[in-house]
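Please read the structure below before turning to the comments.
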Amino acid sequence: MPSDRPLLSLRAVFLRQFLRHGRSIMTSPADVANPLLFFFMVITLFPLGLGPDPARLATLSPGILWVVALLASLMVSAKLFASDFEDGSLEQLALAPYPLAVTALAEVSAHWLATGFLLTLVSPLFGVMLGLPDEGLLTLLVSLLLGTICLTLIGALGSALTINIRRGGLLLSLLIIPLNVPVLIFGTTAVREAVLGGNPESWLALLGALALGSLVIAPLAIGAALRVSLDS
Amino acid sequence: MLLEATQVAIERGDRRLLSGVDLRVTGGEIWQLVGANGVGKTSLLRGLAGVARLGVTGEIRHAGAFLYLGHASALKLGLSAVDNLRWHPASDVTASAGQICEALAAVNLAGYEHRPVGALSAGQQRRVALARLLLSDAPLWLLDEPFTALDVAGCEWLEACVRSHLNGGGATVFTSHQPSRFGTLQQDLDLGHYAV
Amino acid sequence: MAPVGALLRAVRRYNTSMWTFIHKLGSPPWFFGFSGSLVRWLLPITVTLLLVGAIWGLLVAPPDFRQGNSYRIIYIHVPAAVVALAGYYVMAFAGAVSLIWRIRMADVTMRAAAPVGAILTAIALVTGAIWGKPTWGTWWVWDARITSMLILLFLYLGVVALFEAYENKTAAARACAVLSLVGTVNIPIIYKSVDWWYSLHQPASIKFTGESAIDASMLYPLLLMIVAFYCLFVLALLLNMRAELVWTHRESGWLKQLVGDT
């Protein structure tokens, strides 16, 4: 939309979209609590399924915690752009004279704070419940902090590609699970290395590199995907 | 010339809906897109706005800014009317809280400024969406079924609003099932002629 | 993409015939004729290469001193795996061309490459499992190469499923292009991470594939089979594209004329 008015700075646009989406999430606390509850419930299933042996749970806990975090993020990312698409916000965003990559990144950031970040904060609690040794707790926290950034961005891409598709939920998992494989590997390996007294820093560095790379590439892909979804 | 559309064709999926549509809109004009259900009124308006670009061929040129209001109102139900307008995704300038409250008062929503939009009726939600018209200075308005869900007073307000926009040199293109709301002021573009 | 654009502009300036060739490639009727003659050449070449490679690999090449004759499945497994991976890049490149230059034939290429690549990946996985039974004593091992192939299969299936899910096929092609480009960026990371993951979890003793030097008498038929599989891929791609063109242009005049002529 060409306009004679001066345009807002990208930072102001980012902030506006961030506030709008963030406030909107805060008005439905159930949506924020559900992934955490899901995380909690699925974690509970593992001792029930594998038996309560603390030693075995402790060895498996890095993998369990990470896989469940991945599933929780998968579950919430399906809805990321759905409401914007249905209520017409997305077409208005597409008409605004700002790159969709920036506005989409603002929404994803707000979404991450409400899901991935919260999940990270509570994860040590579940780590303790599964008997993860204390040496691994800090690494778990840091790895999830970096990892959920990747998971959320990749999930957002999946959401952007499937919002205009009926029964897109199953398709979404097919699209994004393979892309999440490196995040899972780096994350679990970092935690396991920390538990075994190895060197988790290099794996955390790899996760950090993935997070930075996703922050650069994913918003562009999400913007393009949102345009496709609007066009179809 | 605010909008110049030449030989526009619209396809939805694999089916061609319209072809050869010509439309020139200058300041002071009201155009109503008319035609039966499913003829492609909304698709054409979305094409003119540039929301959907696949399946739209031909040349569409805008001179200056425009405001597009779709079927869906782009309101977040959990947010208040003020927040919805303040952080509206398409507005390129942030309006002050005072301006927003004035606009809400003009659409007869004084006292509802800080209620969640989800708690308002469908007609009231429509009014919140229409309050954007007062906060924008875009010369061209593209409105999809703007009279939907409005009561008599609301329709009259919207008519007056469009008239004053015209007097200020603006123009409006809208779709509606009700014929000739603006009498001799408006021109009709009958899409039946362009249907394939 | 600016350097690529500049390069193409230079090509257009200095070599107009090349450019008209690319333009012609973008036209379905011309492509249909061109690919028809290409298929007529490629079909006998592919069959010959496959036959020679198979006979050489299965009958002439010596048995492995450790695995005996069971290793011979590499003459299918390795070429399928190599070409499956290359196929993803073909698909992603077609997707990029389709996104940037909006050439319809690029959409068709991408759409046709996905199932071919998926089938090759599946062949690589199945032959890998069959190979695993005599080698490791079990059908499935979470070996780095097999795991990477499995993830590649998921990536392919994602593209196929996404394409099928969209009703508007132009939009489907764009969405798949975005997905396959992201996949392309991700594939090296996936392969590397799976490699590290495997080497951390497995003792080195059972890693006897790949590292040991392969004798020339075994290598030459393998290289021949890889070339044969590349030809097979191109052949399947072309046939698939032609089928796609026949379907989308079933109402077009040029196709009816062509059918009427022959």
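Labels for the chains are A, B and C, by order of writing; each one numbers its residues from 1.
Everything below uses one rule, namely that a residue touches a chain if its C-beta (ideal position, glycine included) is under 8 Å from a C-beta of that chain, and two chains touch if they have at least 3 such contacts.
All values derive from a computational prediction rather than experimental measurement.
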Checklist outcome for this item: Chain centre (avg CA) closest to assembly CA average -> A
Item to check | A-C or B-C, whichever has more C-beta pairs in contact | outcome: A-C
Item to check | Averaged-CA centre spacing for the pair chain B and chain A, given as whole angstrom | outcome: 36
Checklist entry - Just how far, in Å, is the C-alpha centre of chain C from the one of chain A? => result 32
Checklist entry - From the C-alpha centre of chain B to that of chain C, how far is it in Å? => result 49
Checklist outcome for this item: Within chain A, the set of residues that touch 2 or more other chains is 231-232
Checklist entry - Which residue numbers or ranges of chain C touch two or more of the other chains? => result 167-168, 170-171, 174
Checklist entry - Multi-chain contacts in chain B: which residues touch at least two other chains? => result 54-55
Next on the checklist: Under the stated contact criterion, what part of chain B meets chain C in this complex?
Outcome noted: 13-14, 54-55
Checklist outcome for this item: Per the touch rule, the chain C residues reaching chain A in their complex are 99, 151, 154-155, 157-158, 161-162, 165-168, 170-172, 174-175, 178-179, 181-183, 185-186, 189-190, 192-194, 196-197, 200
Next on the checklist: Under the stated contact criterion, what part of chain B meets chain A in this complex?
Outcome noted: 46, 49-55, 62, 64-66, 68, 70-79, 83, 86-94, 116, 137-138
Checklist outcome for this item: chain B partner, complex, touching residues on chain A are 1-5, 7-8, 12, 16-17, 19-20, 23-24, 26-28, 83, 86-89, 91-97, 103, 227, 230-232
Checklist outcome for this item: Listed in rising order, chain A residues that touch chain C in their complex are 157, 161-162, 164-165, 168, 171, 174-175, 177-179, 181-182, 185-186, 189, 210, 217-218, 221, 224-225, 228-229, 231-232
